[in-house]
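Please find the structures below.
Each of the two complexes below includes chain A, the first together with chain B, the second together with chain C.
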Partner chain A sequence: MLLRTVLRNERRLLAADPALRIALVVFAALFVYALANGMVWDRFQARTVEAARSGNAERVRGLAQELTDIANGAQPSSPFRDPRAPIVLGGARGAHTAVLEPGPLAALAVGQSDLLPYYYDVSIYTNESSFQQNGEVENPLNLMVGRFDLAFVTVYLLPLLVLALSFNVLSEEREQGTLALTLSQPVSARGVVGAKLAFRALLVVGLAAGVSLLGILATGGFTEAGRVLLWCAAVSLYALFWFALAAWVNSLRRSSAWNATVLVGAWLVLVVVLPAAINIAAGLLHPLPSRVEMITAQREASNDAVNRRSELLARYLEDHPEMASGVVPDEPGMAALTWAATDAVNGRLEEVTAVHDARRAEQLALIRRYRFLTPALLAQGVLVDAAGTGDARFAHFQSQVRDFAERWRQFFVPAILADERMTAAVLPGVPSFRFVDEQPADVARRAAVPLLVLGGLVVLVSVGAGVALGRVRGAA
Partner chain B sequence: MSEVVPIDVPSASTAVASTPVLEARALFKRYGDVEAVAGLDLRVGPSEIYCLLGPNGAGKTTTIHLFLGFLEPTGGSVHVSGLDVAAEPLESKRRLAYIPEQVMLYRNLSGLENLEYFAALGGRGSLAAERLTDILVGAGLPRAAVQRRVSEYSKGMRQKVGIAIAIAKEADALLLDEPTSGLDPQASNEFSELLGRLRDRGVAVLMATHDLFRAKETGTRVGIMRHGRLATEMSTDEIGHADLERVYLEHMHG
Partner chain C sequence: MIKHIARKEFTDVVRDGRFRWCAALVGALLLVSLGHGWVQARQAQGELAAAQATAREHWESQGEKNPHSAAHYGIYAFKPRLALSFVDAGVDPYTGTSVWLEAHRQNDFLMRPAQDATAAQRIGALTAAHVLQHLVPLLIILLTFGALAGEREQGTLRQLLATGVGRSDLALGKALGIAGALALLLVPAAVVGAAALVVGSPGPAASPLARAAVLAGVYLVYFAAFVGLSLAVSAQAGSARTALVALLAVWVVNGLVAPRAAVDLSRWIHPTPSAVEFARTLEREMATGVEGIERPDQAATAARLMAQHGVERVEDLPLNDVGVYLQESEEFGNRIFDRNYGALWDTFERQGLVHEALAVAAPLLAVRTLSMGLAGTDVEQHRHFATAAEAYRRDLMRQMNGDLTENSRSGDFSYTAGPDLWAQVPPLRYDAPTLGWVLNNRLLSLLVLGLWLAAAVLAAAAGARRAEVA
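Showing the complex of A and B:
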């Protein structure tokens, strides 16, 4: 009864207040723009993936044709490009592009998908350095503001809408004098504030969830109901956290100006300062080895291996002096030699990159631990993860690519070592990559703890606000 | 003027019907070292208009706020229609209507929308718009103003909406805090008439005021408060305007 009465009055007040109406329209426009922005990126990524896929098919068709032609007596264009050589077919010429399809809700949160590679050309030369990312650990704040997508608007700007609607939910009633008449009715301040906030929460969560569902509908993500639920849960809990905070600040019975200052301060600390501070802490506590050093070390390792390759070759030629004048790669043993040298390079590179990767993992672990310091990072993590554009799904993809590269090598390396000749008949048997998406249960499991913590925060702050509001009896 | 018989507090209770609508029993309210209400005993029966007189700081507004449950007494108790306000705050507020000194409403809503909201909060959500309009007009608001935004209203018009809210609530008792301050004489007169009509319906009215003339004209009894307690109490039938002023001044200086 109270709820219905207050809801109707709030609707009237909103309709009669042009400033609030404008704020809502502006935010609705921002939401829609963010969604459109995300959809543009999603479509771009989908096109790239499609191009990579058709590139794979094209390449196989070309190689099959060439192998058939050679079998029919044609000459290969160059001995270095002869597809019959397994080192050529399994190398750059036959490389298979392994692609990560855009996340199911990628249009809602671009996440890290514009930072992390979503396709790799896999060949026998694929090694650990192929997986090295170009960036350092990205500032979580940068990730949040990186692209103007729905996740950004939700994490960054939604709190501002919540605060604009509720910073003075009780103080305004007192300042304009209506609280005295209100509290002379058989209602409690807690009940009235609760009902007023419920109206605003319906509005904000309705807007955020509505635009999200619109986006999901437009990009066909409804097949992943679990992810949609996680997304909506994160948006709702995050918005509710800010409503609860506004209720608590109002319960302290200070002026509207004081409330606004404190709440904007809280936004600044929780959304802007803490994420940046956590990133700085990660950099200070677990500094990455310099990239320059790492690249230098990679080059040295590579040069070293190449030199060793020369030594191996020299020794080989000493044993086969008759070949000294005209070494050709398809001579028996040469491909195996080349492969041995490549393998040696890979071994050295793995050592160098392992140090870097370990540090990076430590940094990420620290960031993952400290995200519990602010609801902004918790919500952002779940949103990106639910959208399938976070680092977890990416790591899932990368590990599949690693396995695939291994399968690729296992297919080609024995042929290289055995100096086999390839024909068009082997092509259908060449491994191909198909990304197997994460299980919804895995995503839910990862999101469970952050969502529970977020929900716990909402309950905690709400109870605090409720207790304090219970003490508000008069209009003073 | 010798017929003026100031009645002492203890004997005053005998003049009231045995079941008072508003009752304060040995009521105390202390703010730090200041005793705002110090052992107040007060009873207001049905169809009574009780005017609380007294200088600023005598404890009149505090008394009204204690009846409304806006404040918690530091001693004693307040009762509305027999309900202990501290024990049943919401139920006792259901039986009370309150008109503050300044009736502040939602400026962006019309008088009718304000009445609709507050009446619904007060438990009268079932009243139709026509009935609510009649109540507003009955309280003296011009019919043409009913649908206009409150931001365009004068203080007197807002006061009338406040009265309409009180009327719509059909409460047992009405609490008024300086209701006529800032109203022009005609508006004050209309206000007094309205109070008379409410009294005729059996409503108990407790009104804090500085207006001795109106207290005499409108009230059935007056009580003079000083230092948080009743200095004296009398029936307005038994007293003339001049006498009331004399008694008041005597008590202020006494």
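Showing the complex of A and C:
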């Protein structure tokens, strides 16, 4: 009954406070701007994916036409571009673009999607260095600064709204002399602060989650309820963490000014300074291996391979009897020799990359541990992961492209070795790529620990605040 | 009198425990980021130089082959780290580090270091430039917000003014005191930075010391603007607390909101094509040519050459027509590349201008642009290197095609050249742009930063003049 009175009173007070109204309006505007940016980017990606898809279809149509024409007596434009040769059809001319559709919540967090490639042209020449390609055409300056998306507003700016709304929930009552009066009623300080913060939390979480859901609705992301839930959980827990922190600081019974200073200080340290300091530590303690030496290794491998093509082909045929049904080993074609050299380069590249990737994975695992040092990094990690624009989904995509490239080779290499001629009839059987999205359970499993830690922090700080508030008496 | 006020303010600040803690934190971050940047830049430069040397070795030791095969083999170019990149890494983690220079094609720079890092590492990169751009202004705010508002709250402002000190002298004195305290932090960092530059400059740069001096000047102007702005707010605000809140809001907009808002705004105003679109346009134009840029035709080239030399058969030409044709198609390709890449780079630069123009709302954007420019790590200097590498590629192709044309005859496909020809190709030498070039490119930012300083000084003076005594 009384708590309801407190809530009603709060609503009136907030409605009457112009500064808070302005703050809420400003934040609503920031949220909407962020969402609009995300949606524009989402649509851009969707268009690109569509263009890549229609490009695939167009290429196949063109090749089919050319193959039919040649079968009917036309001449290929050049022997190096003759689609009847499997090394041409399976090579750059017939390449299939494997695309990663933007995740269902991609409009909420740009994440790594502006930096990491979301499409690869797959051909028989696809190897580890193919994965070194750049992502979307993007101004490096924009990549450096990062986008103004909902994840950014949530991680950096939302805490400031929370703090502005709650830094003085208790101290103000005392400074205005109303605390003693309030507490003379059958209500505890804990109850009053709890009710006031609950009301504000409802407002803030409602705003953040509301705009997010609006965005999800507009981009049709509700198909993945699990991701939506994870997103909302991360936003809510992160906001609640800052409310809990404000409650705890208020429970220390200091002045409003002191509360504001301490809370802003906490925001600075947790959101701005610690992530930066962590990166310095990561750079110092776990430097990522350089890619430069990979180029040299690749070059040396291919120099070596070109000089020993016949020998390499013999060895290849020994190693891959499954690829060699029907080859006449006595007079291997030029294409077969080329393929043997290509395969040797790929093999060497895989070795170099494997060493590099193992070292990189090791360092990244260590770096990922540091995110537990600040709720900002925890929340950011879960947000981009839930949105499907984090590192994990891109790694998932890349591994599927690797498998697809292998299927592609399985299709074309035997024909190259046997020096077969391709016709339009083989085109429908050529492998095509379809991205299989991550299992919701996998995403949830990755997010579980960070969310639990975040939840644990909320509980811990709230309990601390609750205990300290239990000691607050009206006279204090 | 100014001296007394400055000394008093300085002593106050330096004795303040909060200042000591914050300054120690910022100073530590500054020194660590400088040191880390320096070690990393040197290491990276070492690797790049070694890789460049190896690439040259590969080129020279490719054995006997047809010059056009050698052109296809090509050479890798590695973008060197410039001397001051350890202060401000700029866009370097987001531009590729190497490019393959081969026949027929202008390739993209590959291997962006940021692609190897995690998403979390993108949200809080820390270089000395970040500390200077974000954390030092915060320190200034913490030092300054109470300078006048605090005196007023404590009632000492009335006393102070009663001694007959001029109001602008008072403001100037306060500013100098705060500057003195900041100098305790910044001078050692500047000395360390300069020493690092002198002891072991990580890479080539035209006049690194001059660039460093201007860089220091730019940051000083930025800090001075912040001191002035903070003093103005402190003079006008009703209470020290209001001053702090207002200044923190300025800081958040300046450091967090404006930079990111500029990114999306610049993309809305000057959209870039998608990579698929860009590649397709390039492919289409290379295949068919565009109006005014005709694709050369091998038969037409041969016919023209035969007419010029008055012979009936290509075999009778005193040169190899394929070499001439290859060079013509190189030149055709170059014009297509210039068209497409040029347009893309120009869009990037126009996007950069949006960032620069928004500096009227957030001085950080101006100082960041200048800082990256002086450190040699901005988009324009990436373009400068990319252009140099591409020019080198074109020279290389010209030499290969020239040798093919002059030293072999039409129809002779067995012609090979050897190490002598490879060695004749000069190694890639890159001269970083001069200080004047950089500053000339960055006039808008210089102007806006200057305006900020002037505005801040005027605001501080006006604030002090109008400040209420109690």
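Simple rule for what comes next: the second predicted complex is superposed on the first by the 419 of 476 C-alpha atoms of A that agree within 3 Å, B and C clash if a C-alpha of one lies under 4 Å from a C-alpha of the other, contacts with A are read in each partner's own complex, and residues count from 1 in each chain.
Just so we're on the same page, a residue touches a chain if its C-beta (ideal position, glycine included) is under 8 Å from a C-beta of that chain, and two chains touch if they have at least 3 such contacts.
Here the structure is a predicted model, which is why all the values come from computation and not from measurement.
**Student:** Touch check for A:T296: first (chain B), second (chain C), both, or neither?
**Tutor:** Second partner only.
**Student:** So, A:P186: does it touch chain B (first), chain C (second), both, or neither?
**Tutor:** In the superposition, A:P186 touches chain B alone.
**Student:** What is the contact status of A:R434 with respect to chain B (first) and chain C (second): first, second, both, or neither?
**Tutor:** neither
**Student:** Quick check on the superposed pair: does A:R473 touch chain B, chain C, both, or neither? Answer first, second, both or neither.
**Tutor:** A:R473: touches chain B, not chain C.
**Student:** According to the stated criteria, A:V273 is in contact with first (chain B), second (chain C), both, or neither; which is it?
**Tutor:** Touch partner of A:V273: chain C, not chain B.
**Student:** For the overlaid complexes, name the partner, chain B or chain C, with more touching residues on chain A.
**Tutor:** The partner that reaches more residues of chain A in the superposed model: C.
**Student:** Examine A:A16 and indicate which partner it touches, taking first as chain B and second as chain C; both and neither are also allowed.
**Tutor:** first
**Student:** Using the superposition on chain A described above, determine whether A:R368 touches chain B (first), chain C (second), both, or neither.
**Tutor:** In the superposition, A:R368 contacts chain C only.
**Student:** Just checking: does A:Q176 make contact with chain B only, chain C only, both, or neither of them? Give me first, second, both or neither.
**Tutor:** Touch status of A:Q176: first partner only.
**Student:** Across the two complexes, find the residues of chain A that touch chain B and also touch chain C.
**Tutor:** None.
**Student:** Could you please specify the touching residues of chain B with respect to chain A in the complex?
**Tutor:** Counting only chain B, the residues touching chain A are 65, 68-72, 89-91, 93-94, 96-98, 100, 102-109, 113, 117-118, 120-123, 125, 149, 162, 165, 169, 175.
**Student:** Note which residues of chain C are touching chain A in the complex, please.
**Tutor:** 25, 29, 32-33, 36, 40, 44, 47-48, 51, 54-55, 58, 62, 76, 78, 90-91, 93-98, 108-126, 130, 134-135, 138, 241, 244-245, 248, 252, 256-257, 259-264, 266-268, 272-278, 280, 344, 347-348, 351-352, 355, 378-379, 382
**Student:** For the complex, which residues does chain A have touching chain B?
**Tutor:** Contacts found on chain A: 1-2, 4-5, 8-9, 12-13, 16-17, 176-178, 180-188, 473-476.
**Student:** Please give the residue numbers of chain A that touch chain C in the complex, ascending.
**Tutor:** Listed in rising order, the residues are 30, 33, 37, 40, 44, 47-48, 51-52, 55, 97, 111-112, 115-116, 119, 132-148, 152, 155-157, 160, 257, 260-261, 264, 268, 272-280, 282-284, 287-288, 290-296, 299-300, 303, 360, 364, 367-368, 370-371, 377, 380-381, 384, 390-391.
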